[in-house]
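What follows is chain A paired twice: with chain B in the first complex and chain C in the second.
And now, the complex of A and B:
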């Protein structure tokens, strides 16, 4: 489904990604793990076309994303929930969701389905996005992404700074998406979440993809996590 | 009642009120309101770009003057009728805004302000340079005999008021429709955060270009209508001052609200009209009023109403 092949990305003269390759299948949760500044967010932005590639290519469903304009990438069925949520803070919950719905001209049925997943948002439809709690903002960011009916979902630290009950809700939503056949690329620091829901993990260090491992291998070999992340 | 229906009802009520008020206003004031209605069309066009898309232009006088001269020169030298002259004015303003939008949108932020200002200044100087045809600063008059449509005299005070109102109504309903449409909502998303809008799959540059074209054409329509109803075409309307006016109307009335430009234009016009009866420093009074409004009601008058009273105000 998604094939990232030998990509190199730089911010002006500072190269951030070196020869990064991975692929993600339909219905798979693929996690990018690494310390801050390793290049995980850069990889997601590159997939979205927000950063140009120096070399390499990114293919999705037999389409070459790396030659597309950034505004054409989401139309292929790719939704991105950035770090910090990326909401339109002065718009209401309803307006934020509507902007997501308009991308694919999705109708009321999709809107209702999304609000059924996050019923708390239904109670806050007229409220401005910047007046929501952190957990509600994350729900809204996810809801807006889901309203685009994605085939591939890119999530950048979706559980950052959230209380355990909200983390559980976000995990459940991600797993439900996976079961519906959506491919998911997850950037996550919360190791418990990774071990609970991911299928495969790529360790990113200094802009290079050092290792790709099956999650069961990691569970049996926790020193790998310690080696790359410095945590137990 | 849906938000759309409420917005439409508000717009129709505004139009009906403006029609009714003509019969109770003294002639002097109905003349002022007619002028305000035309300038409100100008401000509504400006508001689409500034209030809804977040692009601050300092060169809208170029679009206003394009419509005005497009109509005026076509009527003066090609002897077109008022209707075909109006079409010529609109077409010329649309052409100018398409070209200027294409060029100016290669910049953003402060650079966009400066580039639009420079283009407007170039337009003003072109009018002066072509003084043989445009009569430069002095301008030219469109004769009363030319402002007749099948015996309907556009220079008559009553006719002028209702033609201004009719054209204002058309523009208000168009703006109301645009801001409720997917296109209008995308403009708001771009205003809120361009990068996020791009990330969600919207062609930001194309939307901004369309916004400049619609805004410029509506501003040009106001210029053409002004020339037609008041019978004068002059370079004064292409000066920086006329680029600032719609900004003031929109700031005072409420940026990003459909009726804000009307409120702002009425407020500003009457503030200057009343204060000029007492002092020559009437612009100072207007400036002080603007400072107070910016300090205590930064969203403008309609913006305050939307924040505290009518949350659904379009």
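And now, the complex of A and C:
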């Protein structure tokens, strides 16, 4: 469904991604693992068309994303929850969700479905996004993405800095999306989460995709994860 | 004239400056706020509005109100389209790079100024007001037999000047409703708050930029069409308003519309009052000093957010 082929990406003159390739199937949770600065965020931004490719191509559903205008990428059914959440901080909860709904011209039914998943947001519709707690902000970022009715969901460290109950909620939402057939690219440092929900894992090191492994192979061999992440 | 009536007169003149300045400065402010572009050519869009108003009114016969109404609609649209074209041809090509846009808009300033000089000449051009009744204003006096009302000689204004104030207020309220209540306004604010995430939600950011640049220029042109029956059109008239608009935008807080309006009232009123009682030069000196103090003690402006 998503096909990243031999991409190389640079910020001005500094090259950050080198010959990165992977593919993600629908109904699959594909996890990018790697230390800080490895290039995971850069890979997601490249898929969204926010950074130009030096070489390589990105295909989705038989469309070439890498030659599209960036604002056409989300219209193919791709939603992005960036690191740090990327909310429209001065807009209200309702307005943030409305901007998500605009992408596919979805109506009130989608909006209600999304708010049913995150009832805490329903109580705070008129509140400004930057006045929400960290957990609520992440819920809003997820809600805004779900309101685009995506076929592919890009999540950059969605559980970063959250308390366990909210991590569980976010995990459940991700698994539900997967079961509904959505393809998911997940950047995640929280190893428990990776082992619980991921299907396949790509190890990213210094801008290169070193290895792609099935999660079941890793479960028997957790030292491998630790080696790539550099945690003891 | 005694002090009281004189002050009222000065306040009225100040209110007109404030109203016009608010329109110009809000145009500059939304362009900076949404696009992060410091538009040095903003004063020239103001000038173009006035010159077009003169050109249109001098080509339309009949009652002066007909030509003026036409100018009020056509001039801002034309100037806005010219600005959107300039955005497309110049600013987009240099990728909205902050430093290069300053240089580019300085260039645009001279191009617009010289083209206007070459096309329309260097004369100041009058535009007749659509209506212009003089109305005398009363003053109150506490004399030996209590309060009494009288009509001091020279204390008067015109219906047109009052209409300028009303028109500016209506436009600013309309703009506020547009930005906060409409879908297009929501899209503009989202673009301002997070350009990348706007793109990631299907918002064609570059088209929005062209629209915003046109809207900003259109507001300046609207202000000058309103002013030109009081002031005359001239190819060099853009300089002073540009300076004052920058002062207002800095004092109000870069990109904050409410802050810009408050600062426009402050600067416009004091400019009017000080000009009447002392001299216009002193008014400009004081405004410039005020900017210096704001920059030292509250660099984010009255209503701006501190830089993170």
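Convention: the second predicted complex is superposed on the first by the 231 of 232 C-alpha atoms of A that agree within 3 Å, B and C clash if a C-alpha of one lies under 4 Å from a C-alpha of the other, contacts with A are read in each partner's own complex, and residues count from 1 in each chain.
Convention: a contact is a pair of C-beta atoms (placed from the backbone, for glycine too) under 8 Å apart; a residue touches a chain by one contact, two chains touch by 3 or more.
It should be emphasised that the depicted structure is a prediction, and the values quoted were computed from it without experimental measurement.
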item	value
Fit-or-clash call for chain B and chain C when the two complexes are aligned on chain A	clash
Partner chain(s) touched by A:90 [first = chain B, second = chain C, both, neither]	both
Chain B versus chain C as contact partner of A:77, first or second or both or neither	neither
Partner chain in contact with A:39 - chain B first, chain C second, else both or neither	neither
Touched partner set for A:126, first chain B, second chain C, both or neither	first
First, second, both or neither for A:150, with chain B first and chain C second	neither
A:100 touches, of chain B and chain C: first, second, both or neither?	both
Which of chain B and chain C A:207 touches, first, second, both or neither	neither
Common ground on chain A, meaning residues reached by chain C in one complex and by chain B in the other	48, 50, 69-75, 80, 82, 86-91, 95, 98-100, 102-103, 144, 148
In the complex with chain A, residue positions of chain B that touch it	182, 185-186, 188-189, 192-193, 195-204, 311
Of chain A, residues touching chain C in the complex	45, 48-50, 69-75, 80, 82, 86-91, 95, 98-100, 102-103, 144, 148
Touch list for chain A against partner chain B, complex	48, 50, 69-75, 80, 82, 86-91, 95, 98-100, 102-103, 126, 144, 148
In the complex, chain C residues that touch chain A	183, 186-187, 189-190, 193-194, 196-197, 199-205
